[in-house]
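Chain nomenclature is as follows: A, B, C and D, assigned in order of appearance, with residue numbering initiated at 1 for each chain independently.
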Amino acid sequence: MAIEPAVKEVPGTHAFPVDIADEPRLHATLDRITDTLGPPELVVHNAVAATFGNFMEVEPAVLEQNLRTNAMSLLHLARKTAPAMIEAGRGTILVTGNTSSWRGKAHYAAFAPTKAAQRILAESIARELGPKGIHVAYLVIDAVIDLAWTRAMHPDKPDHFFIQPDDIAEEAWHVAHQPRGSWSFNVEVRPFAEYW
Amino acid sequence: MAIEPAVKEVPGTHAFPVDIADEPRLHATLDRITDTLGPPELVVHNAVAATFGNFMEVEPAVLEQNLRTNAMSLLHLARKTAPAMIEAGRGTILVTGNTSSWRGKAHYAAFAPTKAAQRILAESIARELGPKGIHVAYLVIDAVIDLAWTRAMHPDKPDHFFIQPDDIAEEAWHVAHQPRGSWSFNVEVRPFAEYW
Amino acid sequence: MAIEPAVKEVPGTHAFPVDIADEPRLHATLDRITDTLGPPELVVHNAVAATFGNFMEVEPAVLEQNLRTNAMSLLHLARKTAPAMIEAGRGTILVTGNTSSWRGKAHYAAFAPTKAAQRILAESIARELGPKGIHVAYLVIDAVIDLAWTRAMHPDKPDHFFIQPDDIAEEAWHVAHQPRGSWSFNVEVRPFAEYW
Amino acid sequence: MAIEPAVKEVPGTHAFPVDIADEPRLHATLDRITDTLGPPELVVHNAVAATFGNFMEVEPAVLEQNLRTNAMSLLHLARKTAPAMIEAGRGTILVTGNTSSWRGKAHYAAFAPTKAAQRILAESIARELGPKGIHVAYLVIDAVIDLAWTRAMHPDKPDHFFIQPDDIAEEAWHVAHQPRGSWSFNVEVRPFAEYW
C-alpha cells in the first residue's frame, strides 16, 4: 500500500489504511485514529476514484461507486470530525479536486459528476462551519501529478508538464495555516506551462 | 398520485408512474413505455428529491438516496433512451434543475451536491450526444413553482413571486424545438421580480 | 453599409446607421429614431468591435476603442431608452455576446475584457430593471456566424460549422417574447456539432 | 497621500505617487521607477476607482473613467513591465479585485464592469505569460478592508467583519512566491464569518 513507504519516510506519522467508500470501516478507522491520536485538527480529503468513458461506456454501478468514494465519504468524514472542531472553535478540512469538479467533458461521465458533488458539498460545509471558526477549502489541482504511474502513462512529456506532490503539499500547508481573518475556499494550482 | 389528474386533463397522454430511484422498476417502466408508444423522441428528467438541512442535520443515507433520484436516474434514463435516438440521428433530453446545481448553501447539504452532479452529468451527456444530433439541455428554474403546497408554504407572497408551470412548459417546448444549428445547453428562467 | 440591403429585404423596416462609439451621434440618432417611430419597446445591442492579438500585440488605444463600442455604448443606449420603458412598465433590452464574455484567452486581450464588461453591465442593468417590468437578457452566440466574410475565412468548414443568422434571430425573438413570469438572463446557442 | 506614511514605516521602500489613469504620467513614472530601482520583478496592480449607483444614477463618463483606472491601467502596466520579465524568464504580476469582478449587482453599474474587464484582461495576460515563466494572478478580496474610513462607514460592525491589510499582504506574498510548477491564477480570501 502506497501509504506505508510514506509513513516510513516521515518520522512521527501513522497510517490507517481504509477504503473510505466502506462506511462502517471508515467509521471504525476514524474512531481508532481519535483513540490513538486525539481528535484531528486538520482533515485532508484526498481520496479519488476515477473511471473514464462516456455515459454509454461506463456502467451506472461505477458512477455510484465513485460517488461513494469521492462525495459520500466527505460527508461521513466531516460529520465524524467536525463536532470536536466545533467544540474547539477551530480546525481545517481540505478537499482536493480537479477541473472535472467544474465541467463535464464527454469522457468524464462517471467522474466529473462525483467531483462536482464533492465540491458543492464542501462549499455547503464551508458555509456552515466558517462562522464556527472552522476552515473548509477546495483545492483544484489542474495538472497531472508526478508519480511513477503517471510518468509511465505520459512518457513523452517534459518534467514541467507534471505537478510535484511536494508543491501541492506546500499549497495545502499554506491554506491550512491562513489566519481566520483571511481564508480561501476555492484554491487552484497548475504548472506555469499548463494549457487552460 | 399527482400525475394522474394531469393525464385526465391532457387528451392522448399516458402516465407510467414509477420511483426512478428504483433501478429495476425504472428499467421495466421504460420498457413498457417503449412497447406501448415506441422509442421516445423527447425525454424530460424532471424528478427531484429535496431534503433540507446542513451537513450535520441530514443523514448520509438521505444524500445517498437523493443522489439516486436526482443524478443516477438521469444516467439510467439516458443510457436506456439514447441508443434509439442515436440510431434516428435525432432526439432531445431535457433536465430540470435550480440554482442549487451551481452553488452549495449551508442548508442544502443533501440537495445541492445532487443537483450539481445531475447538471455536470447532463453536460457530459450533451457533449457526447450533440455531434450525434441529439440535444441535451439543462433548464434552471430559479423560483418557487406555483403549486398548492408551495402556496401553502408561502402564504404571504404575491402571485408574481411564483413561476407558473405553464411558463416552464413553454420554455421546455421552445428548447425542445430549437433547430439543430442553434441549441442551448444552459437555460434559466425566473420571474421578473425575483432577487438573484 | 450592410444594414441597407437588410432594410430593402424586410418591408416596413428603417435603418439609422451610426457609429455607436460616437456618443453625440449615437444620442442624436436615438432621438431621430424616437421622433420617427416613437420610443422603442425592444432594443438589441448587437454591435461588436473585435481585434485579435495578445496584450503585447494590440495597442491600448484599440482596447479603449473596443470598450467604447462594446460596453460604453450599451450604457448610453440603456440610459436613453430605459426611461420610456420604465414609464410603460414594459420593454426589452437584448445584448449579444460570445464566450469571450466569460473567459480571457491569450489572443483576445483587446476583445474579451470588453465583452466581459458588456455582460456584467447588462447583468447590473437586468437586476435594476427586472422588478420594473423590463427584460434584459444576454445572448451568447458560441459559433461563427454564417456570413460571406466568415465563409471566406473558413473555406474548408462544413455548413453545419456555422450558425445561421435566422436561427439567432429566432432565439432573440423567443427571448423577447418570454412572459414576465419566466425570463432568461443568460442565454446561449451553438450548433449541434460545436466543440465546447 | 496615503502612500507616504507607509513609505516611512517600511525601511528601504520608495513611493512614486501617480494617477494611473493618466497614461503619459503613468509611463513617465514607470520609467522613473526603472531608472531608480531597475526593472520590477513583481508588479501589484492594486488601484481601484469605485463609484456606486445603478446605471441611471451614474454618469457614463464615470464608468469610462473607472475603466481607465481599473482596467486600462493594467494593460499599460503589463505592456511596460512584461518585456524585462520575459527577457529574464521570470516575474510576477498580481492584480487585486473583489466579487464585483464576477457579477453585476444593480448598484455596481459603474464598478462591476470595470473589475470584470480587469479580471478577464489579467486572465488573458496570464495565459500569454505563463508559458514564458511569468506568473499572473487575480486576488479577490471578498470583504471590507480594515481602514480608518471603512471603520467610519461601518461603526457597528465587529472587528472580525473586516479583513486586515496585513493578511491580504501575506496572501499576496504567498502567491508571489509559489514555485513555477504550482501557480494559482484565481485566488480569493474572506474572513471566517463573511456571508458568501
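Brief remarks on what is shown
Please note the rule applied: contacts are C-beta pairs under 8 Å (C-beta built on N, C-alpha and C of every residue); 3 or more make two chains touch, one makes a residue touch a chain.
These numbers were taken from a predicted model, which means no experiment stands behind them.
Using CA-based centroids throughout, the chain positioned farthest away from subunit C is A. Separating the CA-averaged centres of subunit B and subunit C is a span of 31 Å. With centres set at the average Cα position, the gap from subunit B to subunit D is 42 Å.
Subunit C and subunit D have centres, each the mean of its CA atoms, that are 30 Å apart. Residues of subunit D found to touch two or more other chains are 127.
If you sketch which chains touch which, the chains form one closed loop in which each chain touches exactly two neighbours.
Interface residues of subunit B, counted against subunit A in their complex, comprise 23, 54-56, 60, 63-64, 67-68, 71-72, 75-76, 78-79, 82-83, 100, 103-106, 108-109, 112-114, 116-128. Those residues of subunit C lying in contact with subunit B across their complex are 127, 130-131, 133, 135, 160, 162-164, 167-168, 170-171, 174, 178-194, 196.
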